[in-house]
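Everything on this sheet refers to the single structure shown next.
Per-chain numbering from 1; labels A, B, C, D, E and F assigned in written order.
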Amino acid sequence: MSLFDLPLETLREYRPERDEPADFDDFWARTLQEAAGHELAPEFVPHDAPLSGVRVYDTTFAGWGGHPIKAWALVPEGAGEVPCVVQFIGYSGGRGLPVDHLAWPTAGFATLVVDTRGQGGSNHASPGATGDPDGGAHSQAPGMMTRGILDPERYYYRRVFTDAVRAVDAAAAHPSVDADRISVWGISQGGGIAQAVAALHPSVKAALIDVPFLTHFRRAVEITDRDPYQEIVRFLSSQRDTEEQVFRTLAYFDGLNFAARGRVPAMYSAALMDTVCPPSTVFAAYNLWTGPKEISVYPWNGHEGGGSRQRELQLRHLRKLFSVD
Amino acid sequence: MSLFDLPLETLREYRPERDEPADFDDFWARTLQEAAGHELAPEFVPHDAPLSGVRVYDTTFAGWGGHPIKAWALVPEGAGEVPCVVQFIGYSGGRGLPVDHLAWPTAGFATLVVDTRGQGGSNHASPGATGDPDGGAHSQAPGMMTRGILDPERYYYRRVFTDAVRAVDAAAAHPSVDADRISVWGISQGGGIAQAVAALHPSVKAALIDVPFLTHFRRAVEITDRDPYQEIVRFLSSQRDTEEQVFRTLAYFDGLNFAARGRVPAMYSAALMDTVCPPSTVFAAYNLWTGPKEISVYPWNGHEGGGSRQRELQLRHLRKLFSVD
Amino acid sequence: MSLFDLPLETLREYRPERDEPADFDDFWARTLQEAAGHELAPEFVPHDAPLSGVRVYDTTFAGWGGHPIKAWALVPEGAGEVPCVVQFIGYSGGRGLPVDHLAWPTAGFATLVVDTRGQGGSNHASPGATGDPDGGAHSQAPGMMTRGILDPERYYYRRVFTDAVRAVDAAAAHPSVDADRISVWGISQGGGIAQAVAALHPSVKAALIDVPFLTHFRRAVEITDRDPYQEIVRFLSSQRDTEEQVFRTLAYFDGLNFAARGRVPAMYSAALMDTVCPPSTVFAAYNLWTGPKEISVYPWNGHEGGGSRQRELQLRHLRKLFSVD
Amino acid sequence: MSLFDLPLETLREYRPERDEPADFDDFWARTLQEAAGHELAPEFVPHDAPLSGVRVYDTTFAGWGGHPIKAWALVPEGAGEVPCVVQFIGYSGGRGLPVDHLAWPTAGFATLVVDTRGQGGSNHASPGATGDPDGGAHSQAPGMMTRGILDPERYYYRRVFTDAVRAVDAAAAHPSVDADRISVWGISQGGGIAQAVAALHPSVKAALIDVPFLTHFRRAVEITDRDPYQEIVRFLSSQRDTEEQVFRTLAYFDGLNFAARGRVPAMYSAALMDTVCPPSTVFAAYNLWTGPKEISVYPWNGHEGGGSRQRELQLRHLRKLFSVD
Amino acid sequence: MSLFDLPLETLREYRPERDEPADFDDFWARTLQEAAGHELAPEFVPHDAPLSGVRVYDTTFAGWGGHPIKAWALVPEGAGEVPCVVQFIGYSGGRGLPVDHLAWPTAGFATLVVDTRGQGGSNHASPGATGDPDGGAHSQAPGMMTRGILDPERYYYRRVFTDAVRAVDAAAAHPSVDADRISVWGISQGGGIAQAVAALHPSVKAALIDVPFLTHFRRAVEITDRDPYQEIVRFLSSQRDTEEQVFRTLAYFDGLNFAARGRVPAMYSAALMDTVCPPSTVFAAYNLWTGPKEISVYPWNGHEGGGSRQRELQLRHLRKLFSVD
Amino acid sequence: MSLFDLPLETLREYRPERDEPADFDDFWARTLQEAAGHELAPEFVPHDAPLSGVRVYDTTFAGWGGHPIKAWALVPEGAGEVPCVVQFIGYSGGRGLPVDHLAWPTAGFATLVVDTRGQGGSNHASPGATGDPDGGAHSQAPGMMTRGILDPERYYYRRVFTDAVRAVDAAAAHPSVDADRISVWGISQGGGIAQAVAALHPSVKAALIDVPFLTHFRRAVEITDRDPYQEIVRFLSSQRDTEEQVFRTLAYFDGLNFAARGRVPAMYSAALMDTVCPPSTVFAAYNLWTGPKEISVYPWNGHEGGGSRQRELQLRHLRKLFSVD
């Protein structure tokens, strides 16, 4: 891959105009309030994993609309109350299997690995177990990006972000979790979700946001020809008169608007050859983030970003922030 | 493309074992009966098309679950009661625009062009206008093939086939349509739907089935690596323990089982270089069809099959069968 | 696809220098005069199409060099003298079958669908029936773009544009056509031909020009790597010393020079993600068009442009312009 | 590439039925006789090449229809009468430049490198300089394979093979060439042409035929999906009713029918991973060749076959056969 | 992907002839004996990983030729002597980072993750840290498959397999490892190495072999066109006279010959749509394995095989076999 | 291909900053001095080629580290002392076969065609016969670009450039070669090597440098996504902390630094659509070349550049420069 986006010096200063609906905060306040009308009802069913140092719970809680959302909770064996990392998943994947998620527990954290509703049915590396009962009121492009996109109330990510906010509550409800030390984390779509939750949930204390998706939609659909952003382009190419409506909806879900509300310490990462989530869309959010922040830049990587290297940085960072050793 | 499936002589004799659930007929009788509990409520709103010889109606009727299904009804200007062709659409597409569907009206038929719920949101050539409110109870692969696939009751095509059966009723309800002369027609997914409706709806009088999809699933997923059949493979690669459940569901929707119930005159077409709907899957259905039948074979074509050439054959065939001139 | 050409605001002002040979008008006057030396000899053989509302004629007329050019004439059944749309075809295709061309007849127009000589032999969706007897005096790249390209007199499109001008005469010769209400229309190559004919034939009254090809060659071969413009690049990569000669020839056929002679009302369309006929090449012509004009812009589409949506706009536009209802 | 055709043991025995027109010999006798009505008129214009050991002549002779055919003649400096290799070119290429053809002259042979009319306009490695004035009487697929294919009299390769037979006469007319020691040679299309000329021209004394194209058309179009054989498939996919006519024409040009008339010593080569000219099509001809013969098999190569390795074998073979040292 | 290899029933019985050099055992005895002339010199340098439950050691030992080989040793915190899994890596990868390898430690095992010399320099997900000082005595294809392939003594995998045998000794040398409970494990190339080591090292007690590479070379290079097996084909296509020599070398390294010497319990996995290591090559080895054995078959997966699902099966299997809980 | 790099006018002025190590000259002086410690020991074994006008010698000489390097020497039959062209090979290829290299001998030059160590094992068109015994001290990406790249002393091209400098000495040692008239030549990698040798070897008298590789690394890896430059990017994407070290090493091998030391007449070529060695990297070197120079620009070609056309220009140029006729 070659360098295709802005040069690094420009990226470091890039602060595009945001398109924020006047009722953005109201929209989300109302959304979360409605969701709160459903009992969270978190269940932590002990799961017989072939592991010794970690206890695993097959977890279910009520997400948006009271729909059941699946997750894995992993807790270090024999520890008392520990901090927790609530983890969201990249596009197309699901919570996978417990053995896929051992870094945080081995480092002294509980972790809650949360399904993204409806996803995880085609990715052989991370299967999911959660449906999205709302198929939408109109035609959609294959994938999830345009499900319900003509109406913010019915847009798929309204449900996903709400599920994710409630996942933090579910994590806090686990007896081994110290509710005052919860961080969110995610890569790509997971990063986009973490970014939103960090802005929406008042008791989140830190955010780890890697090569986030769902951020700066307008630029993204114009400069990359890769999925999943291209799902939106395909939709617009078919539903030729919906552009205004689509971007009106997306404004309620754009990471730029969540970043502008970030208050907790955020650790971002961006990759300069990332054609899936182009670096300018990531830096735009990072530059707008209003809380404490740092960013790791991987100049020679694509969407894989820093991989395990970034994981190690995050482990050190959060162990320090949450006083784990 | 090269020849990759069985030789033509073998295709002409190919009659695989069918996998038919014991309650196949019950399943469908119950399904259609439940659907009948919702008023059909067909609406034919005159549409201001820039056309002279054809009247166009923006049509809505209640499909499965009473959900609104969109269609275009086109009727030759000034004719009395005419026969009707109910047309179903290929995968990814929707009802498109009225100007896309002028062959049957110009040939003396009404036509009802029926949306496939949830589809038509990414195909720039045939946009749709109908949602599928049921997003499914589990993870799915992008696309529609695996939405609800773990349970015949919730499988996406249960709703689609039911919508399609009711589309015939909607057509019959139009004042210009002679309900005794209704044919179904479709290409690819549309052909699979037409094949099912011809078996399920007692008053259909003819079937035009081109390179049908949704037929002989087991062989299809084993010999072609192309979408949309591959959506099922991707699902199975991720949801590793669902094979039995998936094929149990598909047995209720497999074109082979509908073909074995075909009674009206059927006109099939197959293409020998078709890697999307391989010719053996088409011939399997054709050979099992129990009513009068004929098949056009296009030896040098892929999934496009006979194209407009086949259209002309169908027009002649149906004008004769339904005494139009 | 992503946005790869100039931004829309710049496109709206983009007026490149034209490269016009001093004898451009003479060249074409002489060309058409020579062609006029051959009898037009239009034949309209009634064709037994399985249609009721439209009469179809298998049409032949003498094009450049007196060569037989095939076309379909379709006339609304039972109407008197009607306006006519002379339609030219996209690259690789031919006149197809009558059932492919029912929009204009259903809307109250005759239409003449004209083969492009030599093309239509590989496109399964629109077969042709007309040869180009002149194979050229030198090596060529596969395809038609470089046949005879070293000499304006022998260049392939000299024959094609001449055929097309004479197609208008053939249309006018049909007894059901009102020769005072003839429009030309085409998409891609067809748009490029229509653009030229509108400038060359004095009795054309309107032009519908969609995502035109054969326009602004110099920029096109430099910014797109897609066929058919790339045929020219491949030729230049092999015939390393012909650049000057090639562009000298192309200057006689460049849509920019025809646009600068446009006088009838023109309706253009352009697509911002069109990598086949990049939007800057289309806007360049549109901006230079000297007659009344309007343009539809499809920001999220590739070379398919507006598709049937654009068709509906054209039907309304021309029904109004030619007083049809 | 993997092994995709028959196993080597089967290839060695593979002798398919030939489809030979009753008037095959008459057709070619008449064709060559007609051509003989045009003066050969070979011109050998000394060409100022920057070479010392080889004299180069820019050559022209009258081919089919008296059309001018270009070639390079290269003769070892200072030798007397030498044997000559008449070389035909692979698909898409032309005679290239003199420096591309130094192996035979350096080995003591004259060589005549013959353009294939109309080709050589897109291949940057071997430009051509000869047009094919006959563009055909019907639509064609891009490329040369289907130009005039509906009629053996007008088929492109009738002209090419005739040019090639006359190229042997042109070679013999050069003062430095010993007309009793002429061999033909070619790779791919060049091999197919050489194969035909060896059968058609009585004074050819040897044939070098590498991975020949234009041989066993029926099998080729069924088992490979690669160009140029696929040009025929694309034509048939568009011109849906021409199959019988097309294969009737091809029977006059099929290498199998020329091989069955082979009488001079032939040196073939085949590559087992050749997806362009599959080994079964090559072995079919080799097995049918009726003269003395040998074949080099390259088990791990694709269409490049033996490359320079085979060239060395041919040089040794022909130096021995023609007593050169 | 579609099914492209033998049907499952045939796979279960597939036992091809083996090509085993007479001195196979001598070759390996001599090779390991020579290696034993170098001190193993294992170093376990404590590594400051941000983990709590696992101790990490940056490990080096002397492999073939005494060359330094890097590995990670991970040991569960606070456990006594534990069994150990020695893990080999898939083609192109290296030992990665410690956080990538937490499943075995969390399950109560030590693990030694061993670099493959020279690899790990292009895979962003698993970097390596070990060079292969021997670049070979002849030309090679890019990659490692043909480095030194003309001579069994200099072949790359002679060094790799020797390194791997000595890795078992290095593992046994760690104070926390119970040398009587060592298993080998690997996926793809790692599986091929594990298979060899299980046959070559007398104190290995179990083998986990997933979709093994380096097995049944002859069939592999004939039926798959994918890397890395294709590196061998590319070499043979260039070095046209080395086929015999190449396969003579490979016979000393073919997994079939190691499988025929398997004596410990082996757990294999195969995937039916695996085009990288086709299932017939895997089943051939499995069927030849002479010790206790079981195989997991993933019918709908490609080379990813069972992924974490298989990992869970292996964890349970080995915990039982080695009495861990 | 489209134009993707700077416009030609800008290219003509493009002179980027060079990154030259302070000890650049020392590094190379020391390197060549060390190499001089090994006897050159050139062997010219007469090779039985089936040629008459050229004598061929299978040549070996001691390169870097005294390693044996293979070459072909070709000398015009019967000439006395002639000038010589030392030819270096493009990436992946080797010295091929003698019949591949007849242009210079036929034009009155000796030529020495030099293997590139380790390469020539996958290219079917130009096999090599020389190994690179030094496999490197660390992980590498497949291919040669990153072998030893972490240390200038161990970097692969240190050995290659040294071999190449000594190849000039080997050429001079041939009795038929006039050591005062030696030119270097190469295309792509061969051009990069020739450029370096022209700067490093004092008795070289001319340089022919076509579309050179190994030049302006920093820009190359940023603007092209094609191999072989991308090997470096893949290495950096895996070995995430080596960027500084890698570019430090490359600075000793960058063509820009050799061009700045060019003193003999140089003939360059560049192609404007060359995505392998982008034109800006070539012009950067050309513009920095300090000796007499000229450049051929091929505006419509990719990495093939001028091909045989350029060869003819070079033959004329060098015949004049070296007074050959």
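The rule is short, and it goes like this: a contact is a pair of C-beta atoms (placed from the backbone, for glycine too) under 8 Å apart; a residue touches a chain by one contact, two chains touch by 3 or more.
Just so we're on the same page, UniProt names per chain: A, B, C, D, E, F = Acetylxylan esterase.
Small disclaimer: the values here were computed from a predicted structure and weren't measured.
K.L.:
Can you list every chain in contact with both chain B (Acetylxylan esterase) and chain E (Acetylxylan esterase)?
P.N.:
Neighbours common to chain B (Acetylxylan esterase) and chain E (Acetylxylan esterase) are A, D.
K.L.:
Spelling it out: a chain qualifies if it touches chain A (Acetylxylan esterase) and also touches chain B (Acetylxylan esterase); which chains qualify?
P.N.:
Common contact partners of chain A (Acetylxylan esterase) and chain B (Acetylxylan esterase), which must touch each of the two, are C, E.
K.L.:
Based on mean C-alpha positions, I'd like to know which chain lies farthest from chain C (Acetylxylan esterase).
P.N.:
The most distant chain relative to chain C (Acetylxylan esterase) turns out to be E.
K.L.:
In whole angstrom, how far does the Cα centroid of chain B (Acetylxylan esterase) sit from the Cα centroid of chain F (Acetylxylan esterase)?
P.N.:
63
K.L.:
In whole angstrom, what separates the CA-based centres of chain B (Acetylxylan esterase) and chain D (Acetylxylan esterase)?
P.N.:
Once rounded, the distance between the two centres reads 50 Å.
K.L.:
Would you mind pulling out the distance in Å between where the CA atoms of chain B (Acetylxylan esterase) average out and where those of chain C (Acetylxylan esterase) do?
P.N.:
36
K.L.:
For chain D (Acetylxylan esterase), what residues touch not just one other chain but two or more?
P.N.:
Expected reply: 124, 237, 240, 301-302, 304, 309.
K.L.:
By the document's touch rule, what are all the touching chain pairs in this structure?
P.N.:
Here the touching chain pairs work out to A-B, A-C, A-E, A-F, B-C, B-D, B-E, C-D, C-F, D-E, D-F, E-F.
K.L.:
Chain E (Acetylxylan esterase) touches which residues of chain D (Acetylxylan esterase) in the complex?
P.N.:
1-3, 273, 298-302, 304, 306, 309
K.L.:
Within the complex, which stretch of chain F (Acetylxylan esterase) touches chain E (Acetylxylan esterase)?
P.N.:
92, 94, 115, 118-124, 127-144, 146-147, 231, 234-235, 237-240
K.L.:
Which positions of chain C (Acetylxylan esterase) touch chain F (Acetylxylan esterase) when the two form their complex?
P.N.:
Contacts found on chain C (Acetylxylan esterase): 221-225, 230, 233, 236-237, 240, 243.
K.L.:
Using the touch definition up top, name the residues of chain D (Acetylxylan esterase) that touch chain F (Acetylxylan esterase) in the complex.
P.N.:
Residues in contact with chain F (Acetylxylan esterase): 49-54, 76-77, 96-97, 99-100, 102-103, 105-108, 124-125, 301-302, 304, 307-309, 311-312, 315-316, 319, 324-325.
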